Amino acid sequence: MSNILLTGFAPFGGESTNPSWEAVKQLDGARIKGHRVHAREMSVVFGVANKELRKWIRELKPALVICVGQAGGRATMSLERVAINVDDARIPDNGGQQPIDEVIVADGPDAYFTSLPIKAMLRDMKAAGIPVAISQTAGTFVCNHVFYGLMHTIRTRKKMRGGFIHIPFSPEQAAQHADAPSLAIDTIVHGLRIGITTCLKTDKDVAIVGGAEH
Amino acid sequence: MSNILLTGFAPFGGESTNPSWEAVKQLDGARIKGHRVHAREMSVVFGVANKELRKWIRELKPALVICVGQAGGRATMSLERVAINVDDARIPDNGGQQPIDEVIVADGPDAYFTSLPIKAMLRDMKAAGIPVAISQTAGTFVCNHVFYGLMHTIRTRKKMRGGFIHIPFSPEQAAQHADAPSLAIDTIVHGLRIGITTCLKTDKDVAIVGGAEH
Amino acid sequence: MSNILLTGFAPFGGESTNPSWEAVKQLDGARIKGHRVHAREMSVVFGVANKELRKWIRELKPALVICVGQAGGRATMSLERVAINVDDARIPDNGGQQPIDEVIVADGPDAYFTSLPIKAMLRDMKAAGIPVAISQTAGTFVCNHVFYGLMHTIRTRKKMRGGFIHIPFSPEQAAQHADAPSLAIDTIVHGLRIGITTCLKTDKDVAIVGGAEH
Amino acid sequence: MSNILLTGFAPFGGESTNPSWEAVKQLDGARIKGHRVHAREMSVVFGVANKELRKWIRELKPALVICVGQAGGRATMSLERVAINVDDARIPDNGGQQPIDEVIVADGPDAYFTSLPIKAMLRDMKAAGIPVAISQTAGTFVCNHVFYGLMHTIRTRKKMRGGFIHIPFSPEQAAQHADAPSLAIDTIVHGLRIGITTCLKTDKDVAIVGGAEH
């Protein structure tokens, strides 16, 4: 049986929970289309997070890696299109680091596109009633850092696919913020399960609109 | 046993469901602190909606009336503070009417404040992890029309309290809109139950901030 | 020659300027359709602001009073429809007061509608290229307090009309906030001049859409 | 005297003007720090726009190229960080083309970073009272297409620097949209002049925060 690596993050930025870990841990051990899901909690620390990720990839040799992160303020699950080779931290990470305009991989390319079939995922998740969108930026904090690190790590492994999904605050978090959108953890878990299923049955992505004028 | 009247609306504006009815119907028949909840589905039609409301009030003689309506685009449950004496419809109602700047009650006052303890509800709902806010406007469409009609109807009945709660799209609706916030129906139902409980045990509202600079 | 009273506010909430005063002072002394504009700077202090307003109204006996206030975060000029009889301050005023859910006028009605022809103003300002909208709430801070105080003061003076206009940050203010919309002071001044002109030539407002579903 | 190429776009998406061309044409012929500005109006057509750009670059051999485009809905000038190698059009371009997930340059890298000192520009433009921000995505429409084409064209020309700036609607456009932010053309022109000046006097960018968590 092939493995799926699904990562969430520890809480950061003053929050006491992180909905990404709350969601992915519910899928730990799940079987989806003949694969087994392994959920892991990642540090919100530049550098450390990518070391953890590489270690889990070595151990599990997963066919599919999806990293999930909190995007407080966004209203929908967002399927990230591209990771860029820069760390630019508006706030310190959980280790107190705040890099500004530093490259993630010294000789790496400026960006990597996801290798997930995000348009097919968009279609299937919407059809299942999940609020979801394509996102053209994963930011420049630890989420983008890990997404770039993932795509760099698997760049030559043709049988390993990977990408990143941002998710909104949980309702409990949103209750502590003014006018913040949220999604229930159950909705996230349901969305992830559908998205993973789509990945496993889709070789070539579909061509449906998911772009933005700006 | 005293009655509680809880109303939701029929779908409107091109939607095939209305989360207000989806939510309140789940509470039909519920007992909360010795009261019985009666859920009713209201027409999204100026005039007709208020006739339905007055009929249900006559029949049930409720101690508490809460009307619930969909606010597509809002991120949280919103406890409405004030109803104003004007219909100004940006879109036609379900009967094809589109009144512009017409009074709801010819000799009525310009506005009525809610008689619900909305600050205590805010406090208790937040504490339960429900995304919720005070709202200073219920708009000028059928929701405000019904809210005003309710407060006018019960203005002299000192033992009858009433108010209005707006709720976001359901996730299923948000999946069909670009980047729309939503709340799960379960979260709404949970929030309503807490809000109702607070109403039933609160005589005098608490003084906590819920205002806006503009 | 009849008078027009045009008020702006002092800076508040940590700002060093207030675009409402920056704008209205440019119209001080202007003649518009045979009327003379008198611009005054008002304190951002509950109670004091309304005393200042009543004094200026006694002195000038204006045919038209328009109070203008900053609405940081809004994108357009907004023509306020209704003032409500409550102070609910999220932040302290410039005198350190922070009333919560207190009435403005003890025996006053719950609200007053503007007596300005806001739909005709909307039409004319839009036609002149001014970003403008009808607003259904002026908030619950000093702006609404003054708007309510104004409408209460002039409630029996049939020849005196009054209302409130909220305006965005100036560009210079927006430069200090993350992602805040703004309008140039020149655009505001142009918009105010057009709006005033419309008031002076309009007896009965027009019926065009300016409502909101919520 | 060295040349500066400054491009704006033709109107698109149902608009009758494009603020990018309205702004840049005002700088045509201007001298800034010993350089002459050449303003050009570009087609909103995939492929054609990049041909026009390459032709103007051949003719002018500019030391600096800044392409400017309309970002209707954004509130500030935005200094774009990165161009990505994909066309994904939500709406057709002015030639009726609507590519979905097509590469811009077949063997090009996934992305190029701007070579403008965007953080120094951010600092100087803010100091001058211009609402401005760093943006992590230029979208996937013709703006990003041209930005990518520009960076690909000048990738080996070490003395030629280039980048992209998105700008909000003009006030006149915003007046025709519901609740849209805008900036006056004068403010844009002022901001561009400052940004260009910063480019010409800055060799190495400064390290100030401009990132985003997501």
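Note that the chains are named A, B, C and D in the order they appear, and that numbering of residues resets to 1 at the start of each chain.
Heads up, the rule we're going with is that contacts are C-beta pairs under 8 Å (C-beta built on N, C-alpha and C of every residue); 3 or more make two chains touch, one makes a residue touch a chain.
Computed from a predicted model, the values in this text were never measured in an experiment.
A.B. asks: Spelling it out: a chain qualifies if it touches subunit B and also touches subunit C; which chains qualify?
C.D. replies: Shared contacts of subunit B and subunit C: no chain.
A.B. asks: Mind checking the centre-to-centre distance between subunit A and subunit B? Centres are C-alpha means, answer in whole Å.
C.D. replies: 37
A.B. asks: So, what's the distance in Å between the C-alpha centres of subunit D and subunit A?
C.D. replies: Computed value for the inter-centroid distance: 30 Å.
A.B. asks: Starting from the mean Cα coordinates of subunit B and subunit D, work out the distance between those two points in Å.
C.D. replies: Distance between chain centres, rounded to whole Å: 46 Å.
A.B. asks: Can you pull out the residues of subunit B that are in contact with at least two other chains?
C.D. replies: In subunit B, no residue touches at least two other chains, as defined above.
A.B. asks: Pick one for the touching-chains graph, please: line, ring, star, complete, other.
C.D. replies: ring
A.B. asks: Which pairs of chains touch one another in this structure?
C.D. replies: A-B, A-D, B-C, C-D
A.B. asks: For a test of understanding, state which residues of subunit B touch subunit A in their complex under the given definition.
C.D. replies: 75-76, 125-126, 128-133, 171-172, 174-176, 178-184, 186-187
A.B. asks: Within their complex, state which residues of subunit D touch subunit A.
C.D. replies: 13, 69-74, 81-82, 84, 86-91, 100-101, 109-113, 119, 136-141, 143, 166, 205, 207-214
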